[in-house]
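In order of appearance the chains are A, B and C, and numbering begins at 1 in each one.
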Amino acid sequence: MSNANWILFLSTLSTGLILGSIFSLVAAGVTIVYGSIWMPNAANGQFFLLAALFGWTLTVSWGIHPAIAAILVIGVSVPLSYLLEVLLIKRFYDVPNRNISYFVLSLGITQILAGVFSLTYGQWSDQFQLPPLITGITFIGPFPIANNRLAVLALAIAILAGLFLLLRFHRYGRALRAVFQNRDAAALRGVNVKASYSMSFALGNAVIFAGGILFALAYSFDLTVAWTMAITAFAIMIIGGPGSVLGAVVIGMVFGFTQAIVSVVASPTIAAFSYLGAMLVILLFKPSGLFAK
Amino acid sequence: MTNVLLEARGVSKRFGGVVALKGIDLVQHQGETLGMIGPNGSGKTTFVNLISGHLKGNSGSIRFDGRSIEGRNPYQIAQAGLTRTYQAVRVFGELTVRENVGTALVDAPSALGQDGVRELADWLRIGHRFDARAGGLTLLEQRQVELLMRLVQRPKLIMLDEPVGGLSSVEVRVMIAILAELKSRCTIFVIEHTMKVIRELADKVVVLLAGEKLAEGPPADILADQRVIDRYLGNIDA
Amino acid sequence: MTDSSSTTSLSSDWKKIAGPLGAFTILAFAIPALLSGNRYLAFVAGITLIHIVWTSGMNLLYGYTGLMPLMFAGIAGISAYFAVDLTASGWSFWVALPVGALAASIAGTILGLPSLRLKGFYFTLCSLVIQTVITLGFVYFANLTNGDTGISQIPLPAAPGSGTISAPAFDLILAAAAVIGVVVLIAITRSALGKRLIAIREDDELAEMLGINVTRYKMTAFFIGSLFAGVGGALYAPYIGFISPRSFDVLISMNIWLMVAFGGRGTIWGPVAGAVILVPLSFLLQEYYTVKDVIYGLLIIAVIVLMPGGIASGLKRTTRATEPVAAGAAEQRGAK
């Protein structure tokens, strides 16, 4: 391979890894919330954007260091989740077939946040860019990569790994997984199902916020990223299997690489068409997804 | 006896690797009340689902009223005159009884006229509840509405899945009285756990066990059959 | 069928609705005529009338059949682009309109096929995906749609003699379309078809057990509902004079759904009231266009949380309080 091809290959690889790990984070957050409280959160893209915009305000407007800003953004998701749960989400915990109510509810939240963002941030700027976490460039062979993106990638993978460890080994995580698999059986085995709902709603949103702030640290963005992310996360969740974190991560990585490759060789519309097409096929023929238990 | 109404030959059904029904043969004549008994999970409801078209069988043939019906859709089977009820009572809960009955009349080829509906409703002792919301009725009343919705269609065969399930002992007697009179109007196929129903109504009993037919015969013989007692009746309150 | 009770109640039913229908007809024609001095207000009335056509179609699908099709605006868009392109290529608008609407109907019927397999949330999600694909398609096939830029300066239809018809005259055509839409909806809900659709909404498996061909009638509902979408879309394009993919995106589908749910799904006049209240609202706030999105979003939440039956439920039989709006309308046992 020539040098130019190597650079193209490595840049596609790094973009694929970064996008894939961010997609995985957001989709994991969405699937955790759906798997436990049965809420298909169409507002996930707006939450993602909210985190990114918070990050922008903290760093650009208030001059806080990006690393501290990232921690603050992820931290603030917890009280926000709690507030949302108490105000709206809780009311439906005992309603049968609540997933459609939640879905419509989250479309309403989407519309509100979209309106608020375009009335505020939309007036202030078209493009948003955060200062880097760290500066400098590392060479991998002939290929230069910004240290900042490497840091983002490392953080994204670390958070995913932490999520896996939490779900597999911690007792909260095990309780969550028990609820994913069978609510009634989990309740019989003494798991406090309602408490696990609060826990997973907060955890899921925190992971989505983490995805948003990491994305903002790696790339500049505009307000349209919200809807794209929402649809992408849903596609990943449906294809991976609703409630399957492993499915979300595997398919999220596949989508990240697809996006990276497609943006080199074809138009982004083709990429979107292919995601949506894949999602339709799975919905129609294997609605439990590829990684269903 | 009179002519054959329902005839199943070698009906089998698998769910994934689990065999739910294994080669069931069964014949029901017109006017003959057939009772089906067996423990939970023995395949009784699966059998009714196969006959009514809700499930597609893996093999075997089903003939109803002289025609093959396997592979047909539930609405086609219903229009051919074979109807059923569900184990859990099922009416259009948000609609009134009148609207429920109206729905039953829409696509039934030989449905009753208004007088016939009125007569049936009075006979089922539900005529006074026509303007009530069906979901607000008592369980017995909902069971009666269920029957009314089926009977206004003038079916040739009605398959009842546990018609006295969940009813109090007084209500059970009311329902048995209704079903006893129903025998003169329509051929009945009934799944029941309550042996009283089987003893008082059935002309013939089929016993299912783990998806296979264990025994078949008149109720008195079946209820005395040592194999049936050992493997099924011994465990339940007869 | 000899159900004479339903035929007698049918005529009394029509008598009962004749009053409101008469009043609605008079208002639909009179208001644009009275407002014709102020073109802007007349325009708001005209847009409201188009939305009444749309909410009638959405009501048939969502309110009466229990399906929540978020690709509704996309279907309207298919008809709008068809009608505009055909008119631009020399067809008479009055031929292009039914052709466009029919194309939308056929597309809507095909896109409704997933509803045979998917229920509740899964169908709604599927319809959202379909809507997104349609929007992407409008952007992508730029030779037909002029892409993101949209098509502007769409003329009003030609008048019988020469030139184009006047905007006030077109208002009256919109009024006729809205009245016809409501009359058709009333006729359907009073017919055997209406009984079948309501049965499918309440419990499609039980409906099938009672002899109703659920597949056929779901498709019928999609065909008719999409026809409403299409007629509205074809009228919308020349009336506004401009269409773009944004004119028919998921937000518009949600807005139309909200008008139905807010007004009262499964009632004749609730969704009409929903359109009459919510469409002018978006013009009041025109200066701060996106404030409309926030208010609509809050209303969506209010409908889901507080008033599952919409504003009409206060006048009619109240729905059970514990039942959220969408749960009652759509049959949810997930995917088969």
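In this section, contacts are C-beta pairs under 8 Å (C-beta built on N, C-alpha and C of every residue); 3 or more make two chains touch, one makes a residue touch a chain.
Given the structure is predicted, the values throughout are model-derived calculations rather than measurements.
Chemist: Which of line, ring, star, complete and other names the graph you get from chains that touch?
Modeler: line
Chemist: Select, from A-C and B-C, the pair of chains that is joined by more C-beta pairs in contact.
Modeler: Between A-C and B-C, the larger count of C-beta pairs in contact belongs to A-C.
Chemist: Just the number, please: Cα centre separation of chain A and chain B in whole Å.
Modeler: That pair's centroid distance is 51 Å.
Chemist: Please report how many Å separate the Cα centroid of chain A from that of chain C, as a whole number.
Modeler: Chain centres of chain A and chain C, defined by C-alpha means, are spaced 34 Å apart.
Chemist: Measuring centre to centre with CA averages, how many angstrom lie between chain B and chain C?
Modeler: Their C-alpha centroids are separated by 42 Å.
Chemist: Could you list, by residue number, the parts of chain C that touch chain A in their complex?
Modeler: Those residues of chain C that touch chain A are 68, 114, 117-118, 120-122, 124-126, 128-130, 132-133, 136, 139-140, 251, 254, 288, 290-294, 296-301, 304-305, 322-327, 330, 332-335.
Chemist: For the complex, which residues does chain A have touching chain C?
Modeler: 40, 42, 88, 91-92, 95-101, 103-105, 107-116, 118-119, 122, 231, 234-235, 238, 269, 272-273, 276-277, 279-280, 283-284, 287-288
Chemist: Please name which positions on chain C make contact with chain B in the complex.
Modeler: Spelled out, the residues of chain C in touch with chain B are 1-6, 192, 195-196, 198-199, 202-203, 205-215, 317, 319, 328.
Chemist: Touching chain C in the complex: which residues of chain B?
Modeler: 52, 54, 73-75, 78-79, 83-84, 86, 90-95, 99, 102-109, 111-114, 117, 133, 149, 153
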